[in-house]
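Down below are the structures I want you to see.
Next come two complexes built around chain A: one with chain B, the other with chain C.
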Partner chain A sequence: MSKTYKVKKVIVKTEYKVLAALLIILAGGLVLLPKYEKNSGIKPEIFLKNVISTERYVTTDLIADKIIKQDPNLLLIDVRKKEDYDSFSLPNAVNIPLAEVLSSDSEAYLNQDAFDVVLFSNDQCYADQAWKLCNRLGYKHLYVLKGGLNEWFSTIINPKEPKVTDSELAFKQYNFRKAAAMYFGVGNATTTTKVKPKKVIKLTKKKKKVAEGGC
Partner chain B sequence: MKELEKTNRISFSAVIIILVVLIGVLSFQKPNNVFKKDKNLTLKPIINRDFLIKIKDLDSARAKQMAFIDVRNGFEYSKGHLKNAKNIYTADLLESENKQYISDLEENEKTIVLYGSNPAEASGAWMLLTQMGYKNIKLLCAKIQYIDNKFSLGEFTIEKPIYDYAAFMKKATSGKTAAKKVIKKKVIKLTKKKKKVAEGGC
Partner chain C sequence: MGPLIPNGVIPPEWNFVIAILIGIVFGFSLEASGFSSSRKIAGVFYGYDFAVLKVFFTAALVAMIGVYYMDYLELVNVEELFVLPTYTWSAIVGGIFMGFGFVVAGFCPGTTLCAAAIGKIDAMATMVGIFIGIFMFSELYDFIEPLFDSSYLGRITITDSLNISPYWFIFLFAILAVITFYVVDVIRKRVKKVFY
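Showing the complex of A and B:
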């Protein structure tokens, strides 16, 4: 054994100790890292952008057209109370009161990819709030009926006749609304719009089963 | 001498691990804005409607504790606004100086009252701030109107139907509604299927 070899061995041994100590300190440090608040749902910055954007609003004319054409992708959701829903609602609408928007039963309707969901209430205030609650959670394909049922009644069911000086477009729109009103039963007691409740298929992720027993 | 070569490898990898951890710690950035409030907590005041401040509350004793924020854009604000209201446009709410202003108000235990040209316009701002954990944020339930170019607040009731829908439809369908069938709509409840635990076997 030469002397230099012995010296080297001592250096190597201390090196080990220093490294081990460093790693232990680091591990301790990681445990003590400050907890930071975790964000649930989308980021506030994105939420703010979505809120400012008016992209979510759809007009009553568009929805009337879609109902008449029986658009298979349309799902109407009434966020008013149950009593209000029972007394009147749009054809084929599903009732999810605002209080139950976040319950797990309604998640199947709101958090899905199959339909374009249109939320509505009396004057869009509740529908808008339901939309915001869902948007924060990152739900997609949600829209709000602009003006709500009030707008629906003053445009589709009871449209204002345009003035003689109004544009041709206004007359076309008026004619469409008149025809739509008839479709929805105005002046006509015999037609009842068909009601086909929609089925929403809930997708559940399959969990892997743990294999048990066996030969 | 073999032992020395081994040590080199060990110390080399240890140093790399330490470096990686250090880089991770140093490059960690705290997110600027977070939604602190649980989703269900935001729903509660909406249903109870206690996030609304009515016009008549503005004259009460509580009004002294209120700080007003106008969430309309600068142009609308310059046309007319409430006395003592500060203009923070909804889009600028997350800027640091505005957040500072709001948290200062919060520290002074002020009730922060947001308003826009109608409650719907300000409700986005209300929802954002409430979900971010600010306390005492309220919404002024009024619409802004200009009478003779003078700024004033008008009564506004949210979710008020302008027609009695059912009665209107009855009338519209020429009074023969007795013949009309009322079809009950069914909401289909979907139940989760429980998964069976695989059982052993050959």
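Showing the complex of A and C:
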């Protein structure tokens, strides 16, 4: 009996035992592996990339336009405290104070696919913090109102009149903002320049003269 | 990184293409290992051939160990994997019907198609039976619905409901599998051999 034949015989005989032992060892390895706390949510590198990117910011003009057009995909979330929210906020905004962003009640608003959620606060600081908390968990469709409500007041509610030398675009934007302010019920619609009363020129119809004489 | 399609590593359009490719390989392996013979599955019930039980037990075990090693190495997130929702009573009643069909026909749904593809007439008859079953189920759905939707437990797993660590569960499952393999081998040796 050759040596290789003997080895082969042993392998064939013990094949299944070896395989069974391998399975148990591998399964046991899982039990014995040192456990570590896993990061929930997206990876740190991706999070950092998202934080640096300014893609999350939306302008007040865009939001005003969406509110006026009653965009059904828009969901505004006010992350200020409840008192602030009660005193004033944007139309149809939902109040989720920064401290409650991670609570289970607010998850339905923040972790969804149906709406484009725009977070805002007085400045963009709190909204940014809320955005970071949510982005870390991998929530999608979240945006931050650039400049927050302060920017809202200085652009939409009380827009600055452009200089005469400004571009046509600036004037168009100004007109839009004025109109938007009127929509939100605060604009001073009477800023229109006084129109001089038109002089009414009375037209006196010339009486048709009956042809005289005969020819 | 994984699961690959939900995380956008592979575009979702490839879903069905990959499914077809895996299906072809699965069918080929079934046929290559002789599972398209109805005697093979019937053998589990009569105790002369436990290949089916061994193969599926091993497949489950290898997949479990593999998935959890990959989870440990952060290649796959176990939390994101699809879990079928559990309806206790409909699973039990459906399981009894299915088991009955298994032993009567000698085929499971996958091997039926496999065997029909290589021209086995009993498999084709089983396929007709499957479609009659589907038709009857659809027609009787209003009547069956209360049972079908009852005792919903959600997307639970054994480790959730027993509240044990998945690693320990896999380890115990591996030991259980090896013991089962040994026991069925003993049974097979005692039962009269069937040659086919």
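Rule of thumb we're sticking to: the second predicted complex is superposed on the first by the 154 of 215 C-alpha atoms of A that agree within 3 Å, B and C clash if a C-alpha of one lies under 4 Å from a C-alpha of the other, contacts with A are read in each partner's own complex, and residues count from 1 in each chain.
Throughout what follows, a residue touches a chain if its C-beta (ideal position, glycine included) is under 8 Å from a C-beta of that chain, and two chains touch if they have at least 3 such contacts.
If you're wondering where the values come from, they're calculated on a predicted model, not measured in any experiment.
Undergrad: Applying the document's definition of touch, where does A:I24 land relative to chain B and chain C: first, second, both, or neither?
TA: A:I24 contacts chain C only, not chain B.
Undergrad: For A:I52, using the defined touch cut-off, is the partner it touches chain B, chain C, both, or neither? Pick first, second, both or neither.
TA: Touch partner of A:I52: chain B, not chain C.
Undergrad: So, does A:L169 touch the first partner chain B, the second partner chain C, both, or neither?
TA: The answer is neither, since A:L169 touches no partner chain.
Undergrad: Could you tell me if A:L137 is touching chain B, chain C, both of them or neither one (first, second, both, neither)?
TA: Only chain B is touched by A:L137; chain C is not.
Undergrad: In the superposed arrangement, which partner chain does A:Q124 touch: chain B (first), chain C (second), both, or neither?
TA: first
Undergrad: Taking the two structures together, which residues of chain A meet both chain B and chain C?
TA: The answer is residues 16, 23, 26, 30, 33, 38 of chain A.
Undergrad: For chain A, which residues are in contact with chain C within the complex?
TA: 16, 20, 23-24, 26-28, 30-31, 33, 38
Undergrad: Contact residues on chain B for chain A in the complex?
TA: Contact set of chain B toward chain A: 3-4, 7, 10-11, 14-15, 17-18, 21, 25, 30-36, 38-40, 42-43, 46-47, 90-91, 93-94, 119-120, 123-125, 127-128, 131-132, 158-163, 165-166, 168-169, 172-174, 176-177, 179-181, 183, 185-190, 192-193, 195, 197-202.
Undergrad: Which chain C residues qualify as touching chain A in the complex?
TA: Answer in residue numbers: 58, 61-62, 65, 68-69, 72, 74, 165, 167-168, 170-171, 173-175, 177-178, 181.
Undergrad: Which of the residues in chain A come into contact with chain B in the complex?
TA: For chain A paired with chain B, touching residues are 8-9, 12, 15-16, 19, 22-23, 26, 29-30, 33, 36-41, 43-45, 47-48, 51-52, 80, 84, 87-89, 92-96, 98-99, 101-102, 105, 108, 121-126, 128-129, 132-133, 136-137, 149-150, 153-154, 157-158, 181, 185-190, 192, 195, 197-202, 204, 207, 209-215.
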